[in-house]
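Shared chain: chain A. Partners: chain B in the first complex, chain C in the second.
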Partner chain A sequence: MAQRSSQISGYLALVALVSVTAWAFYGLSSLAEGRLAGSVFTDPYIHRILGFSLKQAALSASAAVLLAVPVARALYYLPNLLGKRAFLALCLLCFVLPTLILITGLVALLGSAGSLSPYLGKSWNLYGLQGILLAHLFLNLPFAIRSFYLQLQALPASSWILARQLKLSSWQQWAVLEWPQLRARLLTVWVFIFVLCFNSFAVVLSLGGGPQSTTLEVAIYQALKYDFNIPEALSLAWLQLLITGSFYLAMTRFGSSAWLSADTARPEFLPRLRSWQMLYQQLIYYLTWTFFLLPLLALIPSWWQINFEGLTKINLIKPLITTLSLGLIAASLAVLIAVLVLSPIRWARRQQQQQKQWLLEGLANHSLVLPAMVLSVGLYVWSLRHLDLEVWGIFFVILVNTLILVPFAVQQLKPRLFQFDDQYQYLAQQLKLNAWAYWQVVLPWLQRDLQAAFVLCLLLAMGDVAVFSIFATDTWISLPWLIYSYAGSYRIAEASVLACLFLLICAALVVWLEKIKNK
Partner chain B sequence: MKTSYFLPLFMLFSLGIAQAADKPILTVYTYDSFVSEWGSGPKLEAAFEQTCHCDLKFIAVEDGVSILNRLKIEGDQAKADLILGIDDGLMEEARATQLIAEHGQALDKLSTSLKWVDKDFLPYDYGYFAFIYDSSKITKPVSSLKELLESDAKVIYQDPRTSTPGQGLMLWMKAVYGDQAASAWQQLAKHTVTVTKGWWEAYSMFLEGGADYVLSYNTSPAYHVLSDKKEQYKAAAFSEGHVAQVELAAVLKSSQQPELAKQFLSFLISPEAQSIIPVTNWMLPVIDGIELPPIFSQLIQPQRIGFTPAEVAEKRAEWVREWRSAAAK
Partner chain C sequence: MLVMQNLLLRRGSWQRRYHFQVEPNTILTIQGRSGAGKSALLAAIAGFEPVAEGDIQWQGQSLLRLAIEQRPVSMLFQEHNLFEHLSIAQNLKLGLKFSSATEQQAAINTAADALEISAYLKKMPKELSGGQRQRVALLRTLLRPEPLILLDEPFAELDAYTRELAALWVRQTAKTAHKTVLLVTHQDEDVERLADQNLILD
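And then the complex of A and B:
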């Protein structure tokens, strides 16, 4: 019985997920009457955008992967680095950091009136490819570092002992031990970062600086919001779907990438380093610290410039409550739905129906390749004609965010539930537990992962700008959106104060997440 | 899904938007800087509500082009009775939606220099697009569009797709360069800092020292003199002439309160409103005999060039495509 009911609710949840997407596409097609703008595929402007999207994503991914390797090695080789735990937590924070905090920090640091800009020469301009790359590097380098570091830690001590007995040089150690260990992971991480950057929205919108650095995602937004050209937006959306979809397929083939796992116990045996090597790796480590901290610290000096009288006028409470409620509801829903949709997936796995499992997982994760923009705009176009968005807008923000978060929650919970199946499912079946009793066993087993998935989703949902930008009205303002409007009108002091506050909330959540992971 | 979760959230926030009872509500779509605390919106609202026994409500979108886009999406479901903030460049496209009613105002009140004869759209202010610079930093400003393009001065302008000044620059480029506009855009792109979505983003970035020239209006220096007590900001006069922008209001056919809406239009061109607009929206009045602060007589008085609204409506999409291809290179 327990099996049946959780399977049925799982299928219902899947149907709900897919119907939201279908609803969005219906919204778009009904306005365009299903027309696609064929001209999109011959328009040189679109070719250029496509080229730029691919170029910036490839550059961002390559830079992150290349720079992460030496940092991960430094972390691995020098277990006693000062503040290493804090560094790993900071890496996590940077990866889930709401992009607007970073953008505000970068503008305060390197914008036209930034504190570092005078040292960069007259021709320096943050806006354009360089700004986009810097922001993407900041957001994704930490992910790559954590991922490679964990991979290196999996090197068995016996290999190192053998390497020493064979008197391998450090170059040979790299070629024989480290490189083979990292190689497979390198590609997965590259593709993952590539897809993230290819879909990047807020960074490109804020730091792109005009048509010469526009991505497909931003072009979709512009086609809809600027030109009101629905057929063009629809065609661009299909194009985007096609590209991210194929990269996603490639990624799932190469396997997933662990990066959130705890920093496991320190390896018992490590190769000895020469003193210049140690110095060099310490240098890398501290430089990376500086790179991660600078844009965040740049938020602070503005506090002195601020006009506190003006600040009291900012109504902080409402955006704060909006953002927190939005995050809490979307994250709870996403985790709940993830648990539900995993039921039929686990069933298929237990029955060894591999194709069915693959199909169901694809359906659960389908929003990973859907541009958030397309979902939001489809629903927006539909609801403008049917609903009062001043009231219902926030409902759609939550809906779309939930849909986007489900794959992240599924990713977090899947391994643990599979493990449960392998170890206890048979027992649970023998005991003929009813649904209530069954979940009473499963949920405590899952507790840590549920918490972790929840906090991760909460962080991601709170930082959302893309979805919010579509549904924003005067009635609803989220914290990131408020920061965006201050940063957009170049009131960097106000933007910085809000960003600092937001940063503190996120940092607290990350510390909590680290605690859960290290328990 | 658990819709019950949303209910308390809605109730919490709907408290904030509870309406004042009984009075008819007149809703106006406009752009955001018009309703900001220092803009014309709040002052016009206070003045109009004293006589109309109604509740005037502004719904602000990012800019003029967005007003039109929203109208196109909503069709006759629009919540607004009036739109305010479309300009003459967008006029024909707005008319083509067939959502606009006649304004029913006597046009003889308007300045004859405007030569306004349209029956659907009513002007409430106008100005000339101009590049603003800081005369304490630039002692020899450029004196023509050509000179600006050929210089290496850092320029910020707005996206022609979203912002009416951006569209104004597009018309300006076409009026001056015609078929050569694409290469002119490319020349400009070489020293463009950024292309922003709206006027306010561009202008604030310029004030922070982000550029040498920013696209705005010939009236912008008046704002600095009167609000900021700063005299260094000046508009550069271009020998080719300048494109003008006439800002327009119109009643929607779907309005439930056409009489009240027309009353608002009539108020908009009354001496009372026309004295508020120049010193809050920083544009020129559309009726004669408004007494303005002395700085207004020191503004540059450009020669007007450009296109008719019908020409713009016909070519706008093509010109936007030309711009985005050229500027993307």
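And then the complex of A and C:
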């Protein structure tokens, strides 16, 4: 009984998710009258944009993965590193950091008047591929580090006991234990970062620096915002969806899960490192600290250059309330929908219907590969003809953000719910629980993960710029959008102060998230 | 000679003291009720269990100062002896030190025939039963070059026939290669088949 009602609501939630996407594509197609701009596929300019999009995403993903492995190993092999918990919290903060805070920090540090720029030579220019790569590395390296570190931690103590008993050399330990453990995660992490970078909007828009460093996502935005060329935007959107969709399929099909044991890692059996190895690992660790901290610390010096008189004129309260309200509503909805859509997925898993499970997960996560720009613009052009955007704009910001956040909430909740199924499903069935009683059992089990998923979604929603850029009106404005306005008019000092404030809010949420996770 | 010199192991309120010695090239079986400290003793010799007091000496040298990798010990655990993501053949090669690959393969083949596991060499551990996995691990433990062999209930998952087969192979291999073996068992028949000495822990 409980399962049937959960499943029905789960399928309804899935239908709602897919309907919003279909609605957006309908919006675009109806305005384009179903026409695709065929010239897009033969236009050398578009070829160059496509090539650049692929290149920057591949380079960003490869750099993040390659650099994350030694840092994750340092964290794993040196359990007593100074400030390790703070470092892991910083990694989380960097990953969910609203892009505009980072961009402001990077400009303050490495822009034309940046504090480090004089030391980088006259040819240095932040804008272009190098700036995009730096920003993407900053945003995604932390995710890869945490991911690989967790993966290494899942190495069972019994494996290390066996490895040490067999007196395996450092190379054999890497080949027999670490590499097989990491390999399972490498492809998944690489593709995930690739897709994020391929769909990256604010970074490319702010640091691209011109047509030679434009991506598909930005080209779609330009086609709509400046040329109002709907058929071209629609064609580019399909092209982008095709590419990210293919990578997503590859990730879900070939990215195998890790081999795990019921055993847990116990650091006392880790091999002892030689002193030069320890020094090397510590060097990597502290260099990474520096890399992550510099753009954030760069926000502070700008503070002293600020015109405080001008600052007092900024109305902060309204953008702050707008940002928090949008974030809270979108995060709550995303978590609720994630719990619902996981019901049919769990059912398919319990029935060992792998194809069905894969399909349902694909539907639940489909917004991960959808360009946010396409969703927003599709709904925007539809609503232009049917609704008053002054009134309804904010509804669409929440709607699209919710849709984009659902995959993140699903990923947070899925392992714990699967674990529940493995341990208690037979008992729950045997007890013949009704829906109410069933969720009374499940929700306490899930409480910590619900909180974590909510805070994560809140952080991601608060940083949104892409969706907001489409629906924003003069009557309501968010904090990231305000920062963007200041940065766009070269008022970097004001932008830095606002970015600092925003950073503090995000840092507080990350501390909360870490507390939830470590409960 | 292996000497336990007033060795004290302690885990919270649990503690056990050991004081005995074993001549080289001897097979010592160890018996005792659950919780008597049999596995803990083997783990301490191998370096996985901290020693509260006393000493463990091998050929006059204390083992306590040596890292796990430096101890002259080859040990078979009760479980988790194989890497699940490597084939049996790959697992078997780990820790062996023969002068040539040909000689190593010949030794593996001979032992695998004797233990009746030749058919499983290309398989993955998950494809094998508990008893088959334990024989694979036993083979590797005995073929390793270390002179001191620690076997923690090596025949627990074997049927009567393979139990006898494996026990006789262990005895023959240990004697031929001049190994000193400490073997934990609950079965008196293992003691009869294998032991030069038997130690019963209270």
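The working rule: the second predicted complex is superposed on the first by the 482 of 519 C-alpha atoms of A that agree within 3 Å, B and C clash if a C-alpha of one lies under 4 Å from a C-alpha of the other, contacts with A are read in each partner's own complex, and residues count from 1 in each chain.
By definition in this document, a residue touches a chain if its C-beta (ideal position, glycine included) is under 8 Å from a C-beta of that chain, and two chains touch if they have at least 3 such contacts.
Note that this is a predicted model, so its numbers are computed, not measured.
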item	value
Touching partner for A:Pro180 - first (chain B), second (chain C), both, neither	second
Partner chain(s) touched by A:Tyr426 [first = chain B, second = chain C, both, neither]	neither
Which superposed partner A:Pro156 touches (first chain B, second chain C, both, neither)	second
Which of chain B and chain C A:Tyr45 touches, first, second, both or neither	first
Greater chain A contact set [chain C / chain B]	B
Chain B versus chain C as contact partner of A:Leu166, first or second or both or neither	second
First (chain B), second (chain C), both or neither touched by A:Lys225	first
Residues of chain A that lie at the interface with chain B and also at the interface with chain C	none
Complex contacts: residues of chain A adjacent to chain C	156, 158-159, 161-162, 164-168, 172, 176-177, 180, 259, 261, 263, 269, 271-272
Touching residues on chain C, where the partner in the complex is chain A	46-48, 67-69, 73-75, 77, 79-81, 83-86, 94-95, 144
Sites on chain B touched by chain A in the complex	1-2, 5-6, 9-10, 12-14, 16-17, 59-60, 65-66, 68-70, 72-75, 77, 79, 159, 161-162, 189, 192-195, 197, 200-201, 204-205, 207-211, 320-321, 323-325, 327-329
Chain B partner contacts - residues on chain A that touch it in the complex	16, 31, 43-45, 48-49, 111-113, 125, 127, 209-212, 214, 222, 225-228, 318, 321-322, 325, 329, 332-333, 381, 384-385, 388, 390-391, 394-395, 398, 473-476, 488-492
